[in-house]
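Below are structures written as structure tokens.
One chain, chain A, appears in both complexes that follow, with chain B as partner in the first and chain C in the second.
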Partner chain A sequence: MALIETENLSFTYPSGMKPAVEDISISIEKGDFVVLTGPSGCGKTTLCRCFNGLIPHFYGGKLEGNITVAGYNVAKCLVYELARHVGLVFQNPENQLFALSVEKDVAFGLENCGMPRDDMRKRVDWALQMTGIEELRERAPHELSGGQQQRVAIACVLAMQPEVMVFDEPTSFLDPLGAQKIFEVINDLNKELGITVILVEHRLDLASRYANHVIVMNEGKIVLDGEPHKVFNSERARLIGVGIPKATRLYQILRENGLKLSKVPINSEEASQFLRKILTHD
Partner chain B sequence: MSVFDGLKFRKVSSPVHNLDPRVKFFFVCVLFVVAVMFFQLLPLLVLFFVPIPFVLVARVKREWIRSLKGASMLAFIIFFFNFIFNYIYNEYPNIPSASLIEYSVAMTLRFVVLVETFSVFFLTTSPDLLGLALEQSHVPYEFCFAFTTAVRFVPVLADEAQTIMDAQKSRGLELERGNFLKRIKNYIPILIPLIVSAIRRSLELAEAMESRAWGATEKRTNLYVLRLGKTDYALAFTSIFMLVVAILVWRFVPIPPLSVILSFLQL
Partner chain C sequence: MIEVKDVYFTYPNGIGALKGVSITIQNGDFVAIMGQNGAGKTTLVKHFNGLLKPTKGKVLVDGVNTRDISVARLARKVGFVFQNPDHQLFCETVEDETSFALKNFGYKPNIIERRVTWALNLLSLTQYRKTSPFMLSGGERKRVALASVLASDPKIVILDEPTIGQDHQQKEKLRQFITQLRAQKKTVVIVTHDVEFVAECNPRVVLMTEGKIVADGRANKILTNYNLVTKASLVPPQVTQIFMKLSDLGLPTNVIDVYEARKVFLNSLEGS
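Entry: the complex of A and B
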């Protein structure tokens, strides 16, 4: 069975007139790097909240269909039980850090679980090292830059050693370089530790190179779901207004003008490789 | 940058800062009790000098003096009322006696001693240590969490208030205009966005806490633990010693008023 599976999942907020997400059936395998994208307000954050049980337990509202994560039925499992298996990193780094030192913040989840101090110390050190913020351990989180804060937030979730980590637009408050660094950290977690990653992102040019699975949503529904090259090259992705990678767009324009590359590129490296091939052939 | 700067705690290290907050608090309480025990000028004068070495070692002289200055108005009021009421009640219409003045000064000094000890305590105790001390004194964790979170978010909210103020001013809001009531009304366009944003913030915070296994077990553990060191024991014993001496003096030694001592010295 897949690590995350949903079947005709729909959810309506208590104050909502119509479902925020509707009829979602997806399946995410262990070790996947999923990029979840779609226009604002299409229900990405709502779906993320379903993955770790904030929906329905924190938000209330009406949940229909099935969702299982890491073998747990989300509707029947408490948020703190799921917290050990699914980590959620939020959009705004400022409001998810609440301790007075980085170290203490990273330990927060472990403290809640009642982990003995010595084990906790090792875990915290490990999480700080994996995210490259060991030298910030004594600092106050609110005095750090946005990029540093977001790495602290990642360390906080990582310290729990979850099987799945969900990132809800972790870079929307960051500059491109800071975003790049965050993506690299996330990629390391996926490739080195085998953590399943779900990354909600608009900056597809930067993010898509790491993904092996892309899901596009629109108006609460899944529109496209599959391998990145296929998804990005689909006409629908462009029409919804998803900012498909420029390399893919270049491919489409070249093809309209009669130049067909051998494969669809999704990043600049692939594009230059395929172009070179064609140019040297001619 | 603004008036809110005083709310930020700067991380400093000194022997006083590194003391265990529980012991420090005990010391403050002892000073407090002793100050309330005596109403004569002489012992209160002695107590007045006790916190000063701590201030010097911790190098917080400037902040400390500022907090004393802040309390000076209140001290003056205390002196004034003690003097006036006791005079009217006991000595009117005679000329005020030396002992009345001495008594009023002593009462004022008692207040000053309380202010100076508490100010040393709060100037030299970092909020995270204080939160930790609360936790290890079996205060319910919810309360400790609320305390540290409040400390952490006060500067953030202060920054936000400043931003909102600037934004509203740039739209033509005039804060310093009109009579007293009008001025209070002027602050409504600042308060409402501030409250809305604070509520939104607290919801996000609750979400983040839930996602990190808040409430998973009754027996929460803690990354840090407070351990008493040599200086902590030294301070604890000093406090107990002070308390014992004070009780003995209070019980067995009659303390002459300062005027008597002075006239005795002149002879």
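Entry: the complex of A and C
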């Protein structure tokens, strides 16, 4: 059974006139790196809130259909129970950090679980090391740069050693190099620790290279779901206004000129390889 | 015209945010100020409408020193849209918000009505006219902030990080919108680190690091200079990255746009 599975899942907020997400049936395997994208207001964040039980337990509203995460039925499972399995990192780290030192912030979730002190120390050290912020241990989170704060937020969630980590546009406040570094941290967690990653993102030029699974939503529904090369090359992705990677776009407009590349590129490495082949073979 | 002459700025906590900045922005220019988080981009543009005054040096807007004129008077000429719309919006309805500045400037009700209708229509906000800005989504609030600035028809429009949190379609709308402003001969200054957005617009780029301007030129010159871009914590546009990897085949490396990339590639294919 997949790690996350939904079956005809719909959810309407208490004040909502119509469902924010509708008839969602997806399956995410253990170890997947999923990029979840789609126009603003399409229901991405709502879907993420279903993964860790904030929906329906915190937001109320009407949940229909089935969702299971790590073997738990979300509708019946307690939020703090699910929190051990699914971690959520917000768009703006300022909404998440509150302690007076980085170390205390990272330890907070573990303290709440009643973890013994020595184990907690080890776990905090490990999380700081994995995110490359050991030297910030004693610093106050609110004094750090945006990129550093986002690493702290990731460390806080990572310390719980969840099976699934959900990132809701974690880099939108960062400059491109800062964003790339965060994506690399996330990629390491996925590839080295086998953590299942769900990344909500608009900046596909930067993010898509890490994914093995892309889900595109529009108006509360899933419109595309599959392997990145296939999804990005779908005419539909472009038509609903997804910012497909420029490498893929270049391939598409070259095809209009009758030029065929061997495969659809989704990043600069692939695109340059394919273009090189055409240039050197002729 | 905005003239910045050897400006230094130090915040009250002692942090020097600008360290000797000089730049001239002509009427009708379209400038993107780029650089890493904390480079001093926002601090610099806050000098353009007098919100901040230089610690040393001077800023002239149409020849007038920003020290000698009130922010309120400058606001008629220089419109500023903040990065976070929540720092800007405060009225009960979108209509009140959009007409606020015009009322303060003392315009007649019929002119206010016309301008507000125009601005709301332009930004697809007409349906929200009587809605509270705080009921709207982040992207919509950002457009309300923009509408309230445009309604007063400033000569110079400053947009601080206009693409943050916006999806591809909204960015495309923003780009068309900037094109319209330019057709009206307005000066447009954006602060951004959205490399792909800038690559699509190809404006003049002013690159900042650590409180200084380190480069100034067309986007296709600046964004294709790998060392420069990396130093400013940016990455080259994806199209540029593709062409940089093919430079040994004699392809040019100063390409930033996909359509230009197609042309260059097809030409080179014919030539070989």
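As a working rule, the second predicted complex is superposed on the first by the 282 of 282 C-alpha atoms of A that agree within 3 Å, B and C clash if a C-alpha of one lies under 4 Å from a C-alpha of the other, contacts with A are read in each partner's own complex, and residues count from 1 in each chain.
Just so it is clear, a contact is a pair of C-beta atoms (placed from the backbone, for glycine too) under 8 Å apart; a residue touches a chain by one contact, two chains touch by 3 or more.
Everything numeric in this text was worked out from a predicted model, so none of it was measured.
Peer 1: Between chain B (first) and chain C (second), which, if any, makes contact with A:Pro245: first, second, both or neither?
Peer 2: So A:Pro245 only meets chain C here.
Peer 1: If you stack the two complexes on chain A, which partner ends up touching A:Ile278: first (chain B), second (chain C), both, or neither?
Peer 2: Second partner only, chain C.
Peer 1: Is A:Met160 touching the first partner chain B, the second partner chain C, both, or neither of them?
Peer 2: first
Peer 1: A:Gly114 in the overlay: touching chain B, chain C, both, or neither? Say first, second, both or neither.
Peer 2: first
Peer 1: So in the superposed three-chain picture, is A:Phe173 touching just chain B, just chain C, both, or none of them (first/second/both/neither)?
Peer 2: So A:Phe173 only meets chain C here.
Peer 1: Considering only touches as defined above, state whether A:Asp32 meets chain B (first), chain C (second), both or neither.
Peer 2: Neither chain B nor chain C is touched by A:Asp32.
Peer 1: Pick out the shared contact residues on chain A: the ones touching chain B in one complex and chain C in the other.
Peer 2: none
Peer 1: Tell me, which parts of chain A touch chain B in their complex?
Peer 2: That would be residues 52, 54, 57-58, 79-81, 83-84, 87-88, 90, 92, 94-101, 103-104, 107-117, 120-121, 124, 138, 140-142, 156-157, 160 of chain A.
Peer 1: Over in the complex, which chain B residues touch chain A? Could you list them?
Peer 2: Contact set of chain B toward chain A: 11, 126-128, 131, 148-149, 151-153, 155-156, 201, 204-217, 219-225.
Peer 1: Contact residues on chain C for chain A in the complex?
Peer 2: 35-38, 137-139, 164-172, 193, 195-196, 230, 233-235, 237-239, 241-243, 245-246, 249, 251, 258-259, 261-262, 265-266, 268-269, 272
Peer 1: Would you mind writing out the residues of chain A in touch with chain C in their complex?
Peer 2: Result: residues 38-41, 91, 145-147, 169, 172-178, 180, 202-203, 205-206, 241-243, 245-247, 249-250, 253-254, 257, 259, 267-269, 271-272, 275-276, 278-280, 282 of chain A touch chain C.
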